[in-house]
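Each of the next two complexes has chain A plus one more chain, namely chain B in the first and chain C in the second.
Our next item is the complex of A and B:
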């Protein structure tokens, strides 16, 4: 009896220990991820930019005595009436345009690579994968020359068009479509659907997880663009918020208070964007297409 | 409805030939089953009729129209797939009406046709459900409904019952046969299950290695198999085959035992075939030793050792036999099948 009790207790104890380690690990990871964000938010509520700098090395970085939204008000009026709103609007416009066009273009390309009767399909796929390993920064100068010669400097087009088609997202869509049952494509062909209609009416509605994944990755990438917009924009006309924030870090002085508030403001749209799309990250009802 | 003509059709994948010049004429309204083991080319042939595989050589006609280069949607066919291939994000009604919607039919016409098909298949209560909310049998019915609403000239079925459990398979088998009897649409049905083929088809095409072994009505194939492959493929339990040599006094099996030959049997037989139900207990018959007895209620299957060969005997009567018993067996001589060196029926 005692042997039995022991043999039952041992795994239970091991399980509890495992859960404890697991909980501690999750807590530490959460702390590491959340603490800078929390620090940022707290700092944005502090009025004195020198105090922010002084607090950074201590626990005071996580505490504010007299919270104020002054920084946010100042950021709103920085560089003229509603200029910050303009930057935010620019960023949002670039974000939604790039992601919308990117979803269409990359999913179409992925679909054709997965199911189309394209000559040299395997070669194209190999090239797409090879292109993925080339870092964006390495082609930025040639791209700058092309865009300038095309007369697209300081435009939204210059910030949207070069990033619409992406080898990574085309490959992600290709992989997703290729794992869907071939019979769905064939059933649509027999039903009389054109290849465009098959993509639009059958495969796109089944691709919510892929669409969400690409939207999130592409959205974050677009929102965080810094080097390219700084090179291509000369005026406020098409300048995104990421570049605008850099102006708080002047040559002579750094406006930590405003920079913190601006960073908080910049984070909100992309966090909302993520929250909207993340629910499709894991859910998929494709499995019901076939037996089961 | 339309006839389907397959003339000298071949299929190559690179240098590898999978279909070797097949000829089949399917009459208007006929139910033809393509049956054979895995890899025999039956599904490839069906997909060539559907237009999902290119034809390497030969001609396929639906009605009088040559369809070799006609895309699937213009062939006026409907296909039911093994895994149903229902569109998961569409309701049953949307799945069934999708082809009509693409044709540009009016909403009212689509609804009417979907209702009609749903009534035939008893799917009315499920029209607003998604495929994931249906059982396997119901999904299979929706797949058939999707085919019916199009009122095609030819129905193509690609192993549609393979994913169902045994009980449901028997039920759906009867439903498909009943549906064909009511609609009278020309049907080509692929299966690896010879029972399915036997019970459903007007005619069966037995294939092996990309070649047609025999075409005929089910009982014709059962009673007069053209060769050893058809003899063993059609029928369950399979035909007993005894190797040996036909002589004047009978068929001398390997090991020396002698089996009686039908009167006027042609010379040269090296394989003696007899179906399990055509062997009867008879003390005056040839001797065999009981190895296993399997009573199923309706019949009793006896596995008996005859020389070096194991024979299966199906007895309708209840018998009291035990392993090790010596029994006498008598073949019904009118049903004995003899095969020559080349495996062909004599």
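Our next item is the complex of A and C:
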């Protein structure tokens, strides 16, 4: 009965003028918001940097007559100038190292804080939560002293190790593990599993949502690092793609065509990742907002 | 949660007796990497910043020893007009970006909260700028801001019927900060939009039904159900946006280097310049201590407000 009533009501609601206006406005706003990104991809396929700027004032910004991958060929070297192949590789290496180490280190700590038996866990947890308020920007100067005195300037280690352990991610793992049922832990203990084994074989397989959330948040954070690598990298050796793209702006006349192609290179990995895991992305950003 | 209460002192020795050495060492081993790394790379630099701030520490070691100079760095900072300019600039930036970015995020969240065809596709599209790196955003907006014939000037010209002259977005001291606001709001609103969407979904349908029975119209339901239900969300969104705004750096460093005429100089940019380019690390540390205090105050205000709203 009620099903029938609903199905009669629905078409009437769909014809509602308010709904129509709303759909149209969402469509238009979405187009406007996305157009700069669309323009970036189109412009990266144009070979003439002056043409790119000339096209900008009109709808030609969204159209390319003779698409070419020349820009990508120009910037995609692995050595010498415009070695964006190398920079992209550097960034990917830093990304995978930071995220995989971060997942292990933070989830182990979160697990012990939730289920371990060490005294002082409550204190450590309180300190971890308090540390979250310290912005990266405000410790970056002393960090520069520590890291350069340790002889780590211009290395991958300097871009990976300081960001592996994080108060936010340890806390997110703690929160996730703490709400799993006690029976899981007790069953493992009765079977004689060690605490390490309990973490690895029982809790980790159940924590896919937490692993996904932390990977995504950490991944975006690492990928977008800019201030720290600019301070710590001096040569091509470990330079990430973000810093390399910024150097286009130091020139008298900006090679927009190359800058656009390099930007597309930087966007592709995160875009692919996003298209596959879109639902996870959005929920993980919500998850990061629920904090102490 | 009861697992969290601290073990009473007299039983502390018995932890090993209770769980055994092997388990005790395993737990230490699993906790140690995180605690160790946070101690080296977070706690130490944080504490060190308070000490360095009171010295004349240079970036590159010099033969002359580092001297303790008390609060001299702080006094010099507070007497530097450029510091106050940078503080005023980020305040100005915050006052602009809060209504624009959060307002737009709220609007899109309201629009997307209703059932409509392709809702998930739209949601994904609206979130795209938020996953775009700031450096890439600067490349994109660097072309949009072109003077005098860039796309933004073209749009302004068409909308105003040619009455408004082309604007030198990045070169005019009156406009440069507003340009940073537009670019930053576009890049970051997606995050606030998602938080608002979650907030909207947290309002129970029964409240809307009850309001409808009471004869509330669309506006009535918005003002008396949606807005009160979103109060904690509003507080949260405003606070994180404010903290983010005070840390403004990347877009300024890339597009304007603080100029023209220091109109886009920010606190972090000022810090990096004094520490890295002028090599005065002690001075820069003092700026970073001030930055931390600002963020701390904002975070404390948030806690007060959140408690008042019962969250």
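We take it that the second predicted complex is superposed on the first by the 228 of 292 C-alpha atoms of A that agree within 3 Å, B and C clash if a C-alpha of one lies under 4 Å from a C-alpha of the other, contacts with A are read in each partner's own complex, and residues count from 1 in each chain.
Operating definition for what follows: a residue touches a chain if its C-beta (ideal position, glycine included) is under 8 Å from a C-beta of that chain, and two chains touch if they have at least 3 such contacts.
All values reported here derive from a predicted model rather than from experimental measurement.
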Partner chain in contact with A:17 - chain B first, chain C second, else both or neither: neither
Touched partner set for A:193, first chain B, second chain C, both or neither: first
Touched partner set for A:67, first chain B, second chain C, both or neither: neither
Partner chain(s) touched by A:89 [first = chain B, second = chain C, both, neither]: neither
Contacts of A:131 with chain B and chain C, given as first, second, both or neither: second
Of chain B and chain C, the chain that contacts the larger number of chain A residues: C
Which of chain B and chain C A:161 touches, first, second, both or neither: second
Set intersection of chain A contacts, chain C complex versus chain B complex: 285-286, 289
Complex contacts: residues of chain A adjacent to chain C: 18-19, 22-23, 25-26, 29-30, 33-34, 36-37, 39-40, 43, 52-53, 56-58, 61, 104-106, 108-109, 111-125, 128, 131, 133-135, 137-146, 161-167, 170, 178, 194-196, 199, 220, 223-224, 226-227, 230-231, 242, 245-246, 248-249, 254, 256, 259-260, 262-263, 266-267, 270-271, 274, 278, 281-282, 285-286, 289
Residue ranges of chain B in contact with chain A within the complex: 50-52, 71-73, 77-79, 81-89, 98-99, 102-103, 130-132, 136, 139, 146, 150, 163
Residue ranges of chain C in contact with chain A within the complex: 1, 3-7, 12, 15, 18-19, 22-24, 26-31, 33-38, 40-46, 48-49, 52, 57, 59, 108, 111-112, 114, 116-117, 120, 122-136, 138-144, 146, 149-151, 153-154, 186, 191, 194-195, 198, 218, 236, 240, 243, 247, 249-250, 253-255, 268, 271-272, 275-276, 281, 284-285, 288-289, 291-292, 295-296, 299
Chain B-facing residues of chain A, complex: 181, 183-184, 186-193, 197, 201-202, 205-206, 285-292
